[in-house]
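Order of writing sets the chain letters: A, B, C and D. Residues in each chain are counted from 1.
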Amino acid sequence: MSEPIVLQPDETFILNVGPQHPATHGVLRVKMTMDGEFIYNAETVIGYIHRMHEKMAENRTYAQYMPNLSRLDYLSAMAYCHGYVLAVEKAASIEVPERAEYIRAITVEMNRISSHLVWFGAFVMDLGGFSPLMYAFDDREQILDLLEAVTGSRLTYCYFRFGGLYNDVDDDFIEGTRRFIKRMRKSLKMYHKLVTTNVILMKRLIGIGPVSVDLCQRYGATGPVARGSGINYDVRRNEPYSVYPEFDFDIPVYNEGDSFARYKVRMEEMEQSLRIIEQGLDKLPDGPVNPEKKPKTIKLPAGDYYTAVEAGRGSFGIRIVSDGDKSPYRLKLRSPTYSNMHLFDEACRGMLIADALAFMGSLDLVIPEMDR
Amino acid sequence: MSLTLLNVLAAVIIAIAFVAANAAYLVWAERKGAGFIQRRPGPTENGPWGLLQPPVDGIKLMTKQLLIPGGVDKIIFVIAPVLAMFPSIVSFVTIPFSDTIVAHNINIGLLMIFVFGSMSAMALLMGGWSSRNKYSMISSVRAVSQAVAYEIPMLITAITVVMIAGSLDLMEIVHKQSGGFWHWNIWPFQKGLFNILMPASFLIFFICSLAETNRAPFDLGEAESELVAGYHTEYSSMGFGLFFMGEYANIVIGACLTTILFLGGWDCPFGLLPGVWWFIVKIYILIFTFIWIRWTFPRTTIYSLLNLSWKVLIPISLFNLLLTAGLLKVF
Amino acid sequence: MIIETVKDKLRDLFPAAAEPAVTEHQAEKPETAEAEIGVFDCSYAKRGYHLDVRLAPDQLLSAVGILFDHGFFIESITGVDWIKDGQLEAVYDFCRYDFDLCRIVVRTRTPRANPILPTITGIYSGASWHERETHDFFGIVFEGHPHLIPLLLPEDADFHPLLKDFKA
Amino acid sequence: MFRYFNDIFSGLWSLFVGMGITFQEFFKPKITVHYPHESIKMTARYRGHIELIPGEDGQPLCVVCGMCEKACPSNCISIGGEKPEGSKKKVLTSYRLDFTTCSLCGSCVDSCNFGAVRFSREYNLASTRKEDYHYDLLKRLEESKQ
């Protein structure tokens, strides 16, 4: 669909996509003004599962707020917890043992793969192919089993503690992870053969939903959405945190800016995450996972602090304004999908509904994270 | 006269039974097939291998309330599901399962099947249009443009076969292909003419029957991730059930037709023991392929579907038609 | 370095008298009623951002314009309720896509009783949702915003839950 | 013209490759667990709802310090204790867990300095009534002894 389509604003009707719609993966509503099958205008309505996590923070201590972080983005909960513990550690000057940092990086990357696998399955299902979802979930189960054995939970891990971890990993985990890396590499090849090179999928994604660099800048898109538009921005690289500088990995960037570019970015990110995990397992130092002396109650010095980490969907930022008390004065969660979804309204104009929903899928939405 | 009428009546009843049984068990087969492809067991709880699932599903559907939403065009809304089921049942009357097993062989049987086959698009249009639902309406418009686009290459390929056989009579078409698999229309060497495009024709016909029956990857009318459930969004109970069964009945028709036109009907591939069993084996292999395709590919979009039809299928099938005509003239 | 260029450009916004010292400011007392105005260097390792820009509401648009021209993208907009000072603070986070890392925080304060700020949706379209969210939570009215209706809160919400005196 | 046919053939080929893969998957063994008939064993660290650990004498190790109560982010623990006559230590008289609001974060287990609470392995929990999840952990401990 290269040539621009002239739409007739006086012959439109309103189509409510959502809050319950198979393609919105949760409770997102898009009020589309349609001209036939073409979208004339779209207005995204969010907030159906808004839980006011930011107010909750003001009434809880820093440690008590930890479980909330897993409930923002339930698919890559680990990265959000990581951002939070990093923020608090930075402000309170808590030293973290090296082994703990390595384990954090390994588990975050595993969680990133599992999150991308869900996206992969759900995205292909949005496009009408159902089987890849099942294969993806099979691989994801392996990750969840490994993480469950370590953290005790499958989705809302709550595994990190200020200064360390909830508990150490064992040899079973390391061995299992190595096995998983081998298995995942094979599966990724299979996905490429089954899905990536499929002509129907390519026809549906190539050239659909272009997102320009300018659009990214104006909306603050980050993560795979920005990287699919040729922006080499990954918080792990641009603002190295934790032990990421120790790892050798690439940031996949594609210049096309279409849905297929975003698809390829995520598929390659899984491979890069596997590389990080592999290196992490090789370099994993011995030692304790918790500092010897941990402050009983955490109090941050007054001031405000900003920390960003690369979550599964982009840059997750956390701003803590402290007045020296044991609970934050104000805590702001900057969720990546919020910005990524916002550009949908502008970008989807003139698209066919089928393409728009494929485009929406390629943005990788997690509604609880957007609504917070 | 009366004997013929009785014959047809019996045939219709048998056809209904056959269609219903097939439709019900194809749902089971589809779920099993999907399960196996996705490495899960599929339905297992009702009866051995879940074989009692279809009747249980049927009872569930029939006991549900038949909802007619406010504001719908009632008459059309009620007729549509019946119309979705009816043409496939009628089409069965003329399909020859073997030399002897045919309800009523008409010498223009192929034409009749196409006439009734094109009615199913009508049912989707009526169902979608009368539902008073925007999703259904988009879906029905899609279904019609899809049906129009795909009937043309389908007819052209069918005409190619008819030219080779020299008859519209399905029996005759099968007879022309008897005597081993190398005589089937799918292969390029037919009666001395070397028509290299015949395998492509088969493929075109198969793709068109996928599109005609609204099966994935061409299930744009249903497109559950875009249009919720498409034309049957507002249907409940047996209204939905009829649409659902109609889809599977159409699959059976599509498979039968492909078998008759290209795969030699009830002929044994090696010239031994021709009979109804070969026909059954062939159609179920084709149906398995339908299921297999559905669980492998993502869905196309309406414009790539129309592009495929107008830019690839129609030119190739037209070219094949001309080639066949020329070859028939020369040899 | 982009940070120097932007700093110079932003300093131009302030009258010479208000030009602050280049030394790191004392962020330990942000509750002071007379919040200083100016451009401050920050320790990135400690705070997570390089520049802290504190300005009056009428300077906001020109400052944000400078940031847009220098290729910054908008991270988020949020508010802080300084109830002791009777002021609401709007905090704008900006960052850059390239490796010339520079995070800038722009803050501006408005009286709590009548919080009005200019909208920056004209420069950053993506500010629209952030401003609507800030309006939801703090009641800050962004003048000129095209569609300032509740985003995360129910459509009939007339309360602002992140205000410190909000009682559920 | 060449591109036209090339597109058709490469497209068709990719479809056949995909079908080949699903055909292989068709014959691979099943990987799902047929739940009500078979189930997976929970891992050692599985976090179910909390339960009290009995001491050697079968009594809870809890000293009623109230740390878990304070640590809980959602206030779902309420404990009660009393000091019997002539005893120095407090004795636990009630330990109630409101599992409906528990988020299984483990703060209580972390905060306990006496190792008196742990996670149970319960995961088959289903009920239509809210009250079924207001647990009396002390009673549960006594029941488990029998």
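Keep this in mind: contacts are C-beta pairs under 8 Å (C-beta built on N, C-alpha and C of every residue); 3 or more make two chains touch, one makes a residue touch a chain.
Keep in mind the model is a prediction, meaning the values are calculated, not measured.
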**OP:** Using mean Cα positions as chain centres, tell me which chain lies farthest from subunit D.
**Re:** B
Subject >> Computed distance of Cα centres, subunit D from subunit A, in Å >> reply: 24
Original post:
Once you find the CA centre of subunit C and the CA centre of subunit D, what distance in Å lies between them?
Top reply: 42
Original post:
How many angstrom lie between the CA centroids of subunit B and subunit C, rounded to a whole number?
Top reply: 63
Original post:
What are the residues of subunit D that contact at least two other chains?
Top reply: 15, 18, 21-22, 25, 31
Subject >> Junction residues of subunit A, two or more chains touched >> reply: 131, 135, 138, 194-195, 198, 200
Original post:
Mind pulling the subunit B residues that touch 2 or more other chains?
Top reply: 37-40, 295-297
**OP:** All pairs of touching chains, please: list them by chain label.
**Re:** A-B, A-C, A-D, B-D
Original post:
Considering the complex alone, what residue numbers of subunit B touch subunit D?
Top reply: 33, 36-41, 44, 292-293, 295-297, 312
Original post:
In their complex, what parts of subunit C are in touch with subunit A?
Top reply: 27-31, 45-49, 68, 71-76, 78, 80-81, 91, 93, 95, 97-99, 101, 103, 105, 124-126, 128-129, 137, 150-154, 161-162
Original post:
Can you list the residues on subunit A that touch subunit B in the complex?
Top reply: 1, 13, 15, 21-23, 34, 37, 124-131, 134-135, 138, 194-195, 198, 200-201, 203-204, 352-355, 357
Original post:
Mind pulling up the subunit A residues that touch subunit D in the complex?
Top reply: 60, 63-68, 71, 131, 135, 138, 148-153, 156, 158, 161, 166-167, 190, 193-195, 197-200
Subject >> For the subunit B and subunit A complex, residues of the former touching the latter >> reply: 34, 37-40, 134-135, 138, 142, 216-217, 219-220, 223-226, 228, 295-304
